[in-house]
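Okay, so chain A shows up in both of these, paired with chain B first and chain C after.
Right, the complex of A and B next:
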C-alpha cells in the first residue's frame, strides 16, 4: 500500500481563484443574514404552492446525492473488499463530508424556525415514525458527524507530527483507538446513507396526487438509492480526474475504469426498473402525450442510458475522456431526476409558479464556493490525495 | 463470505423500501376511521349565496389581520393564505355557477400529520387537525404533502408560523360553534358530529333526487375527511381533487413501517456490514480480486 500513501499537496492557499471563491462566499453569507431578517417571502421565489425550491431540490436532495462518493467507495472497498480502490476513499470521504455539511447548512437556511432544530433529535417520544423527513433529518445529522469521524485519520496523521507535543500525543492515542473503532463508524457510514438516500425518495412520494404519475411510484425510494450510488461513483471519477490535473498527480485510470463498469450496470438497472414499473401499472401511455412531462422523462432516460452504454464496453472505459464525459452525464442525469421529482413534476394546481430568486441562487452559489474552498484548503494541508509522483510537466 | 454478502444485499433491498411494498401487501395498514368524538362541517353548494359572512367571521374569531395586500384598501384575500383560514370562491362556466368554501378538510388520515416530523400538526381532540408552535421548525413538508393545499406559511415573518383552520377549537371549548357555521345565514355550512353530518348529507340526497352530484365528497375521498361537501356541479370543478379512496399517507406509512419495523432491518444490515468488514480485515485481503 505504500505506493498509495496519501500526502498533503502543499502550496500556497491564497491563490487568485481562491479569492474569487471567497468573494462569492462572502456575498452569499451577507444575503443569508438578510434572509433571516426579512423572512423567506421577500428573499426567495418560494410560495404556498411551491414551498420547496432550489435550496431543498439542489443543496439538500441533489447535493447529498452528489456527496455519495464516500458511501459508494466505502461499499466497494470495505464490503466488496476491493482494497485496490483504497486511494480513492479519502478524497471521496472529504467530498462527502463537505457536501453533507453544506446540505445541513442549506437546511438551516431553508427552514422557517431553525432555532427549534435541536428539538428533533431529543424529542424521542414525539417522533413521528410515519415521517420519512424525520428519518432523513436524523440520519443526515448523524451522518455529517460520522463522515468527519471517518475522515479523522487524515487529520490525526498530520497532527501526530505536530510540534505541539500535547496535540501530537493526543492524536497518537486517538489514532490507536480509531484503528480499532473505525470499522464500526464505517459500517454506520454505509447504513445511514442507505436509509436516508432512499428516504429522500419516500419524502416526495408523500406528495402523492400532486406528483406527476411518470415520477410517482412505490419504487421512488429504490430509484433514489441506486441512482445516488451511481452518482457517487461518477463524482469519484470526475474528482479523481480533476484533482490529478489540478494538483499534478498521477491518475488511477485502471481503477476508474473498473469503477465505471459497476456504474454502468447500476444505470441499466435504474432505467429497467422505471420502465417495467410504468408498464406493469399501466402508465406506459403517459410516455407520450403528456407534453412537457413526457419530454422531461425521456430527457432523463437518455441521460441515464447514454453513459450506461458508453461505459458498458471495455473500449469506452479505456479512454479517460470517455469516462469523464459519461460521469458528467450521470451527474446531470441524477440531478435532473431529483429536480424533476421535487420541482418539475410537482404540481400544486393552477396559479402557482416557482423560479429561484437572485438572492436564493447567490446563497446557493456561496455555499458551493465555500465547499470548494474548504476542499482545496484541506487537500493542501492534510494527507487526503494519493499518487505522490508528479505527472509529466507537459500534462499539467 | 458469500452468505454474508447475500445478507448485505438483501438488507440493501429492504432499505430500498420497495420490496416490502410491491411484494408484501399483507403488511399494509388498515384504513383509519374517524375518532368516536369526531366533529366536522357539511357545506352545501346549493345553499350558499356567496355573501362571505363566514370569511369575515373567521377573521374576527381567529384574530387574523385583514388582508389588504392587493390595493391596500379592501380586505379581499384571493385564496387561503397566512391571514385567511376560510374563503369563498366562485366557479362559473357555460352558464353554470357555484360557490365553493375552502378551509382545512380535517382528514381522517391527514397527509400533513403524516409528514410532520415531531408532531406539530396532529389530530387532537374531536379529530381536529391542530398546529402546535413549539414543535414546528418551519420545514413546510405539510404544505408539500397536503393534497388540498391548505396549510399556509407566514412568508413575511422572521419567526413564521403555519396557519390553517383549526375548526375554531378555541370556540368549541366555550361551547360555541365554529364562527363560519354560526354566522351563515343560509345554513350552507353547518357544524355537527361527524356521524350526524354524514347522515344529514345522505338524507338531503335522498330527499332531493337529481339536485346533487351523486356523491358526498369526503365520505371516502383520500381516506375520508371530517368536512363533507354536497354539490350540484362536479367536485373537480370546485377544486376538490380526485384522490381515490386510499388515504394519501398510507403508501408512505406502509413503506416506513415495513422497512423500519422495530429497527430490525437496519440493525441487521449494520451488524452484517460490520461482520463483513471484520472478516475482510482478518483475511488481510488488500484487493487481490479485480
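Right, the complex of A and C next:
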C-alpha cells in the first residue's frame, strides 16, 4: 500500500483517561438498554413534529461529516495523486471507519423499529428509487464495510507476524488478494461518500417550507458535500496534532499546513456559493431582520470565514496552534451548519419544540467515548500511525 | 346521411381502416385503463367494434356553454378523433359536425330511422319548460319537442354536465326560462346523469365504453349518477384532507396557509357535501388540474342543491363526518425544554470546546506532550 512505515504505538491500554472513557461508555450503554426497554417516547425529547433529534443531527449527519477525513484524504492522495499526504491516510481512515460505525449504531438506536433494518439492503424489488433517504441508508451501510476493508491492510500486516500459524498464513494470503483488490474498494470509497454526503443535504432540502429560507436552497446537496470535505481535513489536522503529541510521535506540521491551504479554498467557495445563491434568488433581505435565524446564519458565516482567512496565508499555516484553532472552528462551523439545518432552522409548525433529553445526550456521549477508546486501542495495537519515520519527503 | 360522419358504412371492421390494428389496440387499452375497465373488457370491446357494432350516437345541445364538449375535446386517452371515429359513430353533434342547416337535420332523422331503438342519446344543456319551451328552439322546434322525440327510440340516454342533469346555471334563480334537466322531463326513462361544470370527460367515457362493451349501464344512485364516480365525496379523497384533520385552514386568499396549500373549507369549499371523483381523477390528464388543486374551493357543481344556489364562499355542513386516522394536535403539548437537559447539553458542548481550546493553548508554547485526546 505504501512505502512509509506505520507502526503500532504500543504501551498499556488501561490508562486513567481510558478508565474515564470506559465509565462514560458504560453509562451510555446502560441508558441504551433502557431506551430499548421503554421506547423512544419516555427516553427522548422526540415528537411527531421533530422525529429527528440529536441522534440524527449529531451521530449521523454531523458524525459522518466529521468522519469524512478518510474520504477527503483519499480524494487528495488517490484522485489528485498527492502521494506526500500518504502517512495521514491510515489514521484518517480509522477515524472515518469509527465515525461511520458510530453513525450506524446511532441510527439503530434512533429508528422506531430497528429490527427491520436488515431488510433495507435485501428488499431490492421494493426499493423506492426516488427516495433520498434510501440512498443514504444503502450508501452508509456499504461505506461502513468499505472503510473497514480499506483499513484491513493495517490488521493483516500485524496478523502476519502472529504466533498463530493459521492466522498468519490466512493474513498473508488475504494480503496478496487485498493488494490487487484494494484499488476497487478505494474507488468505492470515493463514490459512496460523494453520493450520501450530498444526499444528506437533499434529505433536508425535501423538508421544503419547514426549513427556513436562509438555509433552504437547491444547492444544499452541494453545500453539504464541500463542507464535509473541509470538515474532513480539519479533523485530520486535529487528529494528527493530538496523536503526535499524545503518543510522542513525529509531527506532520508541514503536511498539515499545505492541507490547510486546500481547506481554506473550500471554505471560501462554500461561503461564496451560499451568498451568491441567496442574492440571486432574492433572499438577501433575510440576512437581516429574521431575528434569531439571521443571527445563527451570521454566526455560521463568521465561523466559516474566520478559519478560511486564518489559513489563507502561509503565515497562519506556519503556526500549528493557529492551524489547530482554525480546524476547531471549521469543525464547529460545519457542525453548527448541520445542527441549524436539521434542528434549529427546521420548524414543523406551531407548538412543536425540541431539545435533546438527558438520556439522548448521554447515549451520544457514550458513543463518542467508545469511538475514542477504540481509536486509542487500535493505534496502540496495530500499525496505523507512521510518526516514527522521518518526515516523509515528496514521493512520486 | 352525412358522408363525413358516416364512417361505419364504409368500414365494417376497424381493422381495415387506416389506423391499423396495433394503434387501434393501443387506443382501446388506454381508454379502458383510464376508466378502470379490466383487460377482458378490452378484448370484448375490440370484438364488438370488429363486428362493426360501433354504436350510433346523437348529441343534442340545448341551453349551455358547450363547456362539456370543450373539456371532452381535451382528453388524450382516447383522444376525441379516435373516440368519435373509431369507438363510436357520432352521427349528430352541432358543434363538431361539418354540415349545417337542413343537411344536418337530415342526418339526425336518417340516424334515428336507421338505428331505431339502438342509438345512444347524449344531452348537453338544460331544457326550458316555461311558456311551452319557446326560449330554446332549433330549426323552429322547441328543445322540449326535440328531446322527447329523440329520446323515445334511444337505447340509452346520458345527460352530460350539470345543466342537462338538473338545470345547472340556466336554472339558477330566478330561472327566467324555467330551465330544467333531462331526467325531470323524461320521467319514465332511465337517464344516466354525469353532472359537473364541466363534467369530467372520463366519467362520460366510462359510461359510453361500458355500454359499447357490455351493453349495460353502470350502477346509479338516486339522482342517476354512476356510483363508480359519484359514490364518495370530494372531501373523502381530497389531497388536502390531512390539513383539514390537522386544523390547518386557509383564512383568506393569498395568505401563508393558502400558499402552503392548506385546507380551503373555511373559504367555502363544498367538498364535504359534494359527490364526485374530482379529487382523484383530475381534468385533461394534467395532475392538479381541478379547482382545489389550483387553490380554489369546490363550488359543488355536481349537486343540485349547491351549484349556483349556495354562494361560493358560504361553508357547508360536513355530510359524513369521519374521524382522521390520527389526531395530530394543532398545538403540540409535546416537546419543551427541560432545564436539566439544557444544563447537560450546555456542559457537554462547553467541556468539549474548552478542552479543545486548552489544547490549542498548549500548542501555542509548543509545550510538553499532552496525554489526553479529545475531539470536538
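As a working rule, the second predicted complex is superposed on the first by the 384 of 396 C-alpha atoms of A that agree within 3 Å, B and C clash if a C-alpha of one lies under 4 Å from a C-alpha of the other, contacts with A are read in each partner's own complex, and residues count from 1 in each chain.
Rule of thumb we're sticking to: a residue touches a chain if its C-beta (ideal position, glycine included) is under 8 Å from a C-beta of that chain, and two chains touch if they have at least 3 such contacts.
Model, not experiment: these values are computed from the prediction.
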Clash or fit, chain B versus chain C on superposed chain A: clash
First (chain B), second (chain C), both or neither touched by A:257: neither
Partner chain(s) touched by A:84 [first = chain B, second = chain C, both, neither]: first
First (chain B), second (chain C), both or neither touched by A:332: second
Chain B versus chain C as contact partner of A:66, first or second or both or neither: second
Chain B versus chain C as contact partner of A:209, first or second or both or neither: both
Partner chain(s) touched by A:358 [first = chain B, second = chain C, both, neither]: second
Which superposed partner A:47 touches (first chain B, second chain C, both, neither): both
Greater chain A contact set [chain C / chain B]: B
Common ground on chain A, meaning residues reached by chain C in one complex and by chain B in the other: 47-49, 209, 349, 351
In the complex, chain C residues that touch chain A: 248, 260, 328-338, 340-342, 344-345, 348, 353, 356-357, 359-364, 366, 369-376
Chain B residues touching chain A - in the complex, by the definition given at the top: 5, 8, 11-13, 15-19, 21-22, 79-82, 111, 113-119, 134-141, 143-145, 147, 149, 152-160, 239, 241-243, 248-249, 251-253, 255-257, 260, 266, 269-270, 273-274, 276-278, 280-281, 283, 285-287, 289-290
For the chain A and chain B complex, residues of the former touching the latter: 1, 36-42, 46-49, 51-52, 78-86, 110-114, 116-117, 119-120, 123, 126-135, 137, 183-184, 186-188, 190-191, 194-195, 198-199, 201-210, 218-219, 221-222, 225-226, 258, 346, 348-349, 351
Contact footprint of chain C on chain A as seen in their complex: 15, 17, 45, 47-50, 66, 209, 235, 238-239, 241-243, 245-246, 248, 320-321, 324-325, 328, 331-332, 335, 349-358, 361-362, 365, 368, 372, 375-376
